[in-house]
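The following blocks contain the structures, represented as structure tokens.
In what comes next, chain A is part of two complexes: it sits with chain B in the first one and with chain C in the second one.
Let's turn to the complex of A and B:
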């Protein structure tokens, strides 16, 4: 059966509506959302209410967490001083706009969702703030999936959709026993694991302005990355009218692949 | 200049208004960059140097802002008023290169526009958060603050390095060149730092406010520099 995974809606209502319409047209009625319903975009209440109305299973994103807990991010949250200061501006604006009811909804979201061998998180199983980049070290990537006890890990956060298959993996465990002064080792050969990044509905950064999401067939494990065009100009206009930084509208209207990334991609979030 | 065996000089001339279009004032970026690359460079705009530098092996780069293509190719295309200035300095050019005509220079640097907008900002003593500088430059040359035809800058980094940034709209990517001279990681550098942008519909206020978000304050700068100083101390052998 096909099911859809959406992520990083970022208060972009036209994009969220376009993606949900696209999913509906295909007759898919199981949808999982990987969080970041708010942040950067101009319609935080509208997007949260849309997700609530559709009763979409959702896990909490980093923006959703920050709005509830306040900004107390680890250094990996913002890759530059500029990104951090812009992020704070957007955070303050979003915090002012969101109703208490919608904040309560964001606070109620779990950090992960599990369906059998499928795990759904925003960033990584470790943290909503940790980036699983497509080119991260293969061992680290495998470790994230294996430790979480999943065959397929669905994530977002990077705004760049990808499917990464981790084949022929093995982890060697070596235990040194202090009492007996001897080593015990075991090598575990792992079946193929998969990381599927759903990209972003509301702030794509994959070289196009189209919103992205993925469809997974849980019988065949086939994954399809879908692109959906929407009225970008409408969202850009709303960003400017809301008084948010104009550069957010500019970035959205170009869909650049450029994304700021922390210098150390293997950094383990300490939040 | 690198292959020239003798002395090298540099002269920047102001140029003349054309059809009411005003010339852009010199930011000093080119001279500072050349002086860094060629410490013995003779600055011919300095009247003390000009009379003494008339040597046969002197290679002088003369830079002249100009709005219109010359009517004639080669030396005959030089504006007579410029020729007079050069003769006063006893300089006799042997080549006249022009953007859009000579293969040594980018051929699409000159674009059709009726009104030149220019934005310049002195950044002396400013030090950048490096990843923020990367983002600002990407946004600037890709049009986040207006259509940029040309951008040039000298920027200071917290480790004491300075970088020359150079963008021409017709080129595929920016040029980033580190300067030879590296300041001690001890507070704010004294070297020239400047940004110059030319284009259309430039939003100078937004450029300025974005730059303000990218520059390091004293406390953060010290956080960057203290470990560098400690490493330098460790590297010096005790006597």
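Let's turn to the complex of A and C:
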């Protein structure tokens, strides 16, 4: 059976509606959302209410968490001083706009969802703020999936959709301890695991303005990355009219792949 | 010999043990640095005398460089040095009585010094941490999955991680292996191969059991303070 995974809607209602329409057209009933319903974009209440109305299973993203808990992430969240200033401005604006009811909904979201061997998180099983980039250290990537006890890990946060299969892994070790003067060598065979990043509905950073999401077939484990065009200009105009930083509209209109993200993807935010 | 480090942990207020280690080190050739990887305090005894000695070494003592460990983390949390967090891990594992006992073992005048201690040191290509890069309470042993050990090394981008939390003495070396991965995105597919880097995790022991590390030759020696053991018999390359 096919199911759809969406992530990082970022208060972009036209993009969210376009993606949900695309999923509906394919007759897919099961949708999982990996969080970041708000932040950057101009329609936070509308997007949260759309997800609530559709009763879509959702886990909490880093923006959703920050709106509830306050901005207490460590310095890894922003790559520059200007980016931090813009982020704080957007945080304050979103905080002012969101209704108490919608904030309560964001607060109620779990940090992960699990269906059998499938695990759904926003950033990584460790943190909503950790980036699992497509080219990160393969052993570290495998560790995230394996330690979480999953076969397939679905994540978002990077705004770059990808499917990464980790296979044919092994680690040889040699142990020496205080009780044994002789070496003990052994080899651990690592399991095959997969990481699927759903990209971003509301703020793509893969070099195109199209919204992205993924479809997974739980019988064959095939994953399809989907791109959906939407009225980017409408959202950009709403960003400017809302008084949000204009650079948010600019990068949305470019799908800018070098948009803001923590430079050290291996860093784990120590909140 | 370029440098020889002594690595100690788990003193838990035991000045007598620390004194034995210092005496050992005075008799051992070439020790240039002493690192105390946390658990300076514990609930069993008053710890102030040990803390005073660590802060104000005796003449002839090898000057210790200290970091905080799990027991300091619990004490500092309960004393309000960690924001809203309390000594929940200790309370959960050992109960309220042990939390109270711990609070009574350290004079409040020592708390600021304990709170000033770092999480760990990076020296050359080595990380010296009580638990691991993941958490001060991360209990790494020789039985821990090599995948997890490699992750802890990778997070810090170091070749050696000296850890103390388990209280065990071991030297686990990652000697080989690899992994293949395929990434598919909107630009197509690409294959990647990665080899296991030659890296090690070293458990340094606790209390009387401590470790010497020869930086130039990459040899570890597992020792027990006060024993007659010849370091050469337990040296591992």
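Going forward, the second predicted complex is superposed on the first by the 249 of 271 C-alpha atoms of A that agree within 3 Å, B and C clash if a C-alpha of one lies under 4 Å from a C-alpha of the other, contacts with A are read in each partner's own complex, and residues count from 1 in each chain.
Following the convention adopted for this analysis, a contact is a pair of C-beta atoms (placed from the backbone, for glycine too) under 8 Å apart; a residue touches a chain by one contact, two chains touch by 3 or more.
Please read all numbers here as calculations on a predicted model, not as lab measurements.
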| query | Is A:206 touching the first partner chain B, the second partner chain C, both, or neither of them? | reply | second
| query | Touching A:256, do we find chain B (first), chain C (second), both, or neither? | reply | first
| chain B versus chain C as contact partner of A:54, first or second or both or neither | neither
| Now for A:247: first (chain B), second (chain C), both, or neither, which partner does it touch? | first
| said: Let me test your reading of the model: by the given contact rule, A:103 touches which partner, first (chain B), second (chain C), both or neither? | reply: neither
| query | Which partner, chain B or chain C, is in contact with more residues of chain A? | reply | C
| query | Which partner does A:81 contact after superposing on A: first (chain B), second (chain C), both, neither? | reply | first
| said: With both complexes overlaid on chain A, does A:227 touch chain B (first), chain C (second), both or neither? | reply: second
| remark: Within the complex, chain A is touched by chain C residues 134, 142, 145-148, 150-151, 154-155, 157, 168-186, 192, 194, 196, 203, 205, 209, 220, 222, 233-234, 236
| said: Residue numbers of chain B touching chain A in their complex, please. | reply: 129, 131-132, 134-136, 138-139, 142-144, 206, 210, 213-214, 216, 220
| request: Spell out the residues on chain A that touch chain C in their complex, using ranges where they run on. | output: 134-135, 137-143, 146-147, 160-178, 181, 185, 187-188, 190, 206, 208, 212, 223, 225, 227, 266-268
| task | Report the residues of chain A in contact with chain B in the complex, numbered from low to high. | result | 79-83, 85-86, 246-247, 250-251, 254, 256, 258, 260, 263
